[in-house]
Amino acid sequence: MEAIILQILNGLDKGSAYALIALGLTLIFGTLGVVNFAHGALFMIGAFCAVTLSRILTLSHEVIDPTRVDFLGNPLKVDVPYLYDWFGVETGDMIIDWAVPLSILFAIPVMIGIGVIMERGLIKHFYKRPHADQILVTFGLAIVLQEIIKYFYGANPIPTPAPDAFVGSFDFGVLIGFEANQIIYPYWRLVYFAFACLVIGAVFAFLQFTTFGMVVRAGMADRETVGLLGINIDKRFTIMFGLAAAVAGLAGVMYTPINSPNYHMGMDFLVLSFVVVVVGGMGSLPGAVLAGFLLGILESFASMAQVIDLIPGINQVIIYLVAIIILLTRPRGLMGRKGVMED
Amino acid sequence: MPFTKWEDFMSKSDVTRRGVLRTGAVAGAGLAVPTLFTASSAAAFTNEPTGSSVTLGFNVPQTGPYADEGADELRAYELAVEHLNGGGDGGMMTTFSSKALQGNGILGKKVEYVTGDTQTKSDAARASAKSMIEKDGAVMITGGSSSGVAVAVQALCQEAGIIFMAGLTHSNDTTGKDKRANGFRHFFNSYMSGAALAPVLKNAYGTDRKAYHLTADYNWGYTTEEAVKSSTEAMGWETVNTVLTPLTQTDFSSYIAPVLQSGADVLVLNHYGGNMVNSLTNAVQFGLRDKQVNGKNFEIVVPLYSRLMAKGAGANVKGIFGSTNWHWSLQDEGSKAFVRSFGTKYGFPPSQAAHTCYVQALLYADAVERAGSFNPCAVDEALADFEFDGMGNGPTLYRAEDHQCFKDVLVVKGKENPSSEFDLLEIVEVTPVEQVTYAPDHPQFAGGALGTCNPGA
Amino acid sequence: MFGLNKKDTTLLIIVAALCAFAPFLLNPFPEGSDMAQFNAGYPDLMQRFVIFGIFAIGFNILFGLTGYLSFGHAAFLGVGSYAAVWMFKLLSMNIIPAIILAVVVSGLFALLIGFISLRRSGIYFSILTLAFAQMSFALAYSVLTPITGGETGLQLALDDPRILGISQTAQGNIPVPGLFGMEMRDSFEWAVGSWLFTFNFGYYICALIMLISFYVSIRIFRSPFGMMLRAIKSNQQRLNYTGLNSRPYTLAAFVISGMYAGLAGGLMASMDPLAGAERMFWTASGEVVLMTILGGAGTLIGPILGAGMIKYMENIISKINETILHEWFYWMPDGIEDLLVAMVYPFIGKGWHLTLGIIFMLVVIFLPGGLVEGGQRIANLFRRRKAKKDDTKGTTEPAE
Amino acid sequence: MGILEVKNVGKRFGGLQALGDVNLSVAENSVHAIIGPNGAGKSTLLNCFVGKLIPDTGSVMFDGQSVLGRSPHEINQMGISRVFQTPEIFADLSVMENMMIPCFAKRDGAFEMNAISSIGSQKDILERAEHMLEDMNMADKQHMHAGSLSRGDKRRLEIGMCLSQEPRLLLLDEPTAGMARADTNNTIDLLKQIKDTRDITIAIIEHDMHVVFSLAERITVLAQGTPLVEDTPENIKGHPKVREAYLGESA
């Protein structure tokens, strides 16, 4: 019982990352009709926004500590962040400690900027091209983006811890009458889940309750008609691309404490997020979110030792197996519309 | 035109005469008459260097997740070449117990090298190794950052008649069931990790412990799990569960969450590289190390540590035990000499991958020098049961039966107060070589045969 | 000739000539010169050129003709390799049974996967094939280790129970793949001045098989079957309403291209008897897509060009390291030399992925028809220039 | 007994009753038009004939055999060819190739693994396709890319492709929709010529009354998913129910 509750919790958390990425992908696909293979790269760039900000915050000058020596026997040079000089050690440490949450503020404009540049500079020219071309050019872009990041940040993962306040885990079990330590969950992952819900809610509210959102939704349903109404849908779509990039980027920023970011994390997520989108149904926002959580939970269950003992290797293939079954039984995914992406 | 007879024409040979042309033949550039090389007449072994230089092939991951480790290996090789050719401060050549190396290249031939990218894929690694052999005329291939690659390239070198000096490869199989006569491993292995860790774990955590293993679902993971499991069980630990995790897994939360429920009080992470960074980060995130289970502090063990991984996991490694082949903070003369020359050249201390690669390059050169020939069979003979010292690991034996080095193994712990980004691990114990030595027919190394050396040609 | 029209015959002869003279064409620079770095005429790479050429030709039959974008084609290559290595282990070191089994097994595997995946089209088809290939990879790397060798790959051992043949040679080595006494690695070398050309038996076997594959692919392109496949890409609905069942056509194309992949896999194992699971990873499937698009999907020769280009970059460009760059630019003033090296270095050597990504993007953006389209455009440019000249000549003549 | 017998066909899409209870009989070698205002269910009905949709209730019999549950290519092989509202041709293929494909379908059936012989060696197919193109007055365009044809020519090609299969029933879905007057008249002439020279049954869905009344021998008026009346063109012209359905006039 405890194990099941724990894995549901786990699945929701895993799923929230999938859902966020799939949401951004679907926004782009639904509005612009573009299949964006570079979306994983946007997630990765978001994560590196956090890395960059924490590097900026820890910009240091060297102070020589004569009491200690470095590996060559020379006096040790200690890096002292400028923040220490400006705000004192305590405040400086606190700011550095909160680098990841602060990165949200940093990442939003950066990601929107990258998104808009990408759309205006490249994607725009591919609206009329076949989906295969879109996949291929964005795939190329994804390779280029990740190689650029690798050039500047190296191939090794870079640790970007959460603030100290979120270290450790919360004991759910005690709350609902189980023994201690039976159902625990890390604070930061709970934060991630809440954050994902917030972002998903915000995107839906934005589309539902604003005029801008209404036009975009109408555009998703029938682009030509909206165009005929004399509404400049292109401009809105550019903004939507920026928004989707920001969603992916924020998902990446908040993900950094969970796993140390590296240059290929986007590709790791890419295949998976496409499976999520397709299972949810191309172009369906609720489908993407639903499929994200669903696959997260299924993946969690498949990784239970009891399940693996029963079916060896199931944890290796569960996502793909589910994708195959859903696509064969529900041709357009869980909530997909007819005729989308079938040719 | 001096055409050779048809039988000679299609001679059985994968030998290339690049060596001849690369070096000697620029002189013959004026030669208008085409020459046909045939196998039987020419060399005694593949890629015999005939000019004034010899080419070594450094096959390391330059793209993919292990690219940084590969870059460090490459730095070590460049340093080794410099030292072999008499440049720099000589590094470990000055402390090496064998004094055969003169600093004038190998057998008087200047050492040149070519590099290739393994991409940490066995196919790509073999392709680049082949290009070094066939195109560049390399007489020895070395490097690599995973056991899959090491085993694949080792088999290739056996077939081609080239010496392979393995880089970082930790799986038992490299010198176990997949061992080859032309392949040599300086790095330690899973069995040694288990044997070295067990006593330290016993001292630190006691004999009454329940261990939960998370294991990477591929060969190296299996051998490591087996090694750690059997040596910890031998001292009284109980293994509660072992769970295999996919190589491509990035988020290990669903594997780590059930650990506490199982009643285990130690978590063993048989992971390497990105897997290890992520699983350790996740485990610490779950606050496992703050928990009390069965009245004891919950502990995490990482059988194979590397500094680059420790760097990726950041503060999460603090206080966590693991084993390593070598660490720059060792205070013997060899290590100090190596750290000094590496650090002076590159500005930071070398990793264990760099160390093992540097040592392998020197050992090969020394063996050739002592054998007086580049012939793989001569090198094989020179390295077999070769005992040496002064290379940073204390007295070391290159065992003839399986071409594995036997030497002390380091047990390390994540440092609580690192003074720099390189100062992440501290040495807890230097496990003496006797404790990690095993019989060549140990069950964990069963199957496979070394075969005989193949000089190619 | 061979039932081909004149244009196709010419193309076939050109490709045959390129294959035959590859050892010369790929080794244009003398040994020992700085440019020797760019020589690609050594056996392994030449073999790879043609083997991946076969793979891409096969992929093109599916993608180029029907437009079905399979993102899991590497699985068939992997399965073919495993089949071939098993044949070496159990039966004989002769490559013929190994290659036959590789083609048969991958064909059956393609039949199974195609039968299921082709129930959907568009991106759904792509995802289905991707899912199957990823499953194959994941299982081959882990639980199927006893069959596939897992991480270390499936390889020959000294104690293989080879029914028709010896387990080890007299010298105690593992025998190598061969064909009736000839070994795949047999080569002879020919030195002309300071040039050195290598003629490798295995390469010529591969090249011959590629020529046959290429010929078959031309026949398929020019056949009614090929026309139906193009019709599927153009308008599947019309085809169905014209009384033709598109499913068996696509399935046949899928199986044929799967068998091509299996053939390539079997040949790879024959040249180098080891099969690793990474061969099936989705990036390997992506690679063949890149090859086909880069060269020109739907064209006959495009995939071969694309395969050659990518393999060249992977094996030659990736080997250029910083030291070599410094050697190239050594004659420049120090500051400029460093600057140049710093500017070039990110794009070559270990940065070859970046270059590949950029080239690929440029091709998709500006040359949707790939290198072949590029070639045609250049040719047209010349033709137009010539035509212009003719035009100017023409103006002097009286109009009719 | 007509060649196409439709009995009690009904189809719902969610809450919408697209077809009520449709009964229809198309007599052999006649031209039967189905007309009705937008949303009357004309296209839905047509889709039930060709295997694109399966009705919830009722039966559709072609020459005594049910077409329900069969896929489009099987129905086509039974002898029903369809012309689409916007011309559906193989835009990336040449005009000649477009014409050859139905000829292959006629000769070889739904699937033939003909992968090695070259197209050029298929003399009978080539001849037949050429002949058909001549019939359609398109012989001069045979090497053109079908995608670059004018709309009228595309229509002509599509009809030609259907005819080359010698279907017993030709279904036309608003064949002149969106056409200029001249093209429309050309198409009418073409269809008239077909009707006069071939043993063929034509069922046509049309909006344009000019087309309907120049071609049809019988007309069924469909409104809100049910047939209002079925009669000769003359009688339909003055029928009050038709006026009501089309113009909303009360009778």
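Labels A, B, C and D are assigned to the chains in the order they are written; within every chain, residues are numbered from 1.
Operating definition for what follows: a residue touches a chain if its C-beta (ideal position, glycine included) is under 8 Å from a C-beta of that chain, and two chains touch if they have at least 3 such contacts.
Small disclaimer: the values here were computed from a predicted structure and weren't measured.
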Problem - Chain ID, smallest distance between chain and overall C-alpha centroids - result: C
Handout entry: Chain pair bearing the highest count of C-beta contacts
Key = B-C
Completion exercise
In whole angstrom, the CA-centroid distance of subunit B from subunit C equals 32
Fill in the blank from the handout: Distance in whole angstrom between the CA centres of subunit C and subunit D is 46
Completion exercise
Rounded to the nearest Å, the gap separating the Cα centres of subunit A and subunit D is 51
Handout entry: Chain centre separation in whole Å, for subunit B relative to subunit A (CA means)
Key = 36
Completion exercise
subunit A touches at least 2 other chains through residues 316
Completion exercise
Within subunit C, the set of residues that touch 2 or more other chains is 138, 142-143, 353
Completion exercise
Contacting chain pairs, sorted by label, are A-B, A-C, B-C, C-D
Problem - Residue numbers on subunit C that touch subunit A, as the complex places them - result: 67, 69, 116, 119-124, 126-128, 130-132, 134-135, 138-139, 142-144, 236, 282-283, 286, 289, 293, 346, 351, 353-354, 356-358, 360-361, 364-365, 368
Exercise for the section: Spell out the residues on subunit B that touch subunit A in their complex, using ranges where they run on. Expected result: 63-69, 217, 241, 243-246, 248, 250-251, 253-255, 257-258, 260-262, 274, 277-278, 281-282, 285-287, 290-291, 293, 308, 311-316, 328-329, 339-340, 343-344, 348-349, 419-420, 422-423
Handout entry: subunit C-touching residues of subunit A, taken from the complex the two chains share
Key = 35, 122, 125, 129, 131-133, 135-137, 139-144, 147-148, 151, 267, 271, 274-275, 278, 282, 312-313, 316-317, 319-321, 323-324, 327-328, 331-332, 341-343
Problem - Parts of subunit B lying in touch with subunit C, wherever the complex brings them together - result: 9-14, 16-18, 21-23, 25-26, 28-32, 34-38, 62-63, 67, 71, 74, 78, 114-117, 121-124, 126-128, 130-131, 134-135, 146-148, 151-152, 155-156, 158-159, 171, 173, 178, 217-220, 222, 244, 246-248, 448-449, 451-452, 454
Handout entry: Complex contacts: residues of subunit A adjacent to subunit B
Key = 2-3, 6-7, 9-11, 13-14, 17, 68, 70-72, 76, 78, 150, 154-161, 167-169, 181-182, 184-186, 188-189, 257-260, 262, 264-265, 268-269, 299-300, 303-305, 308, 315-316
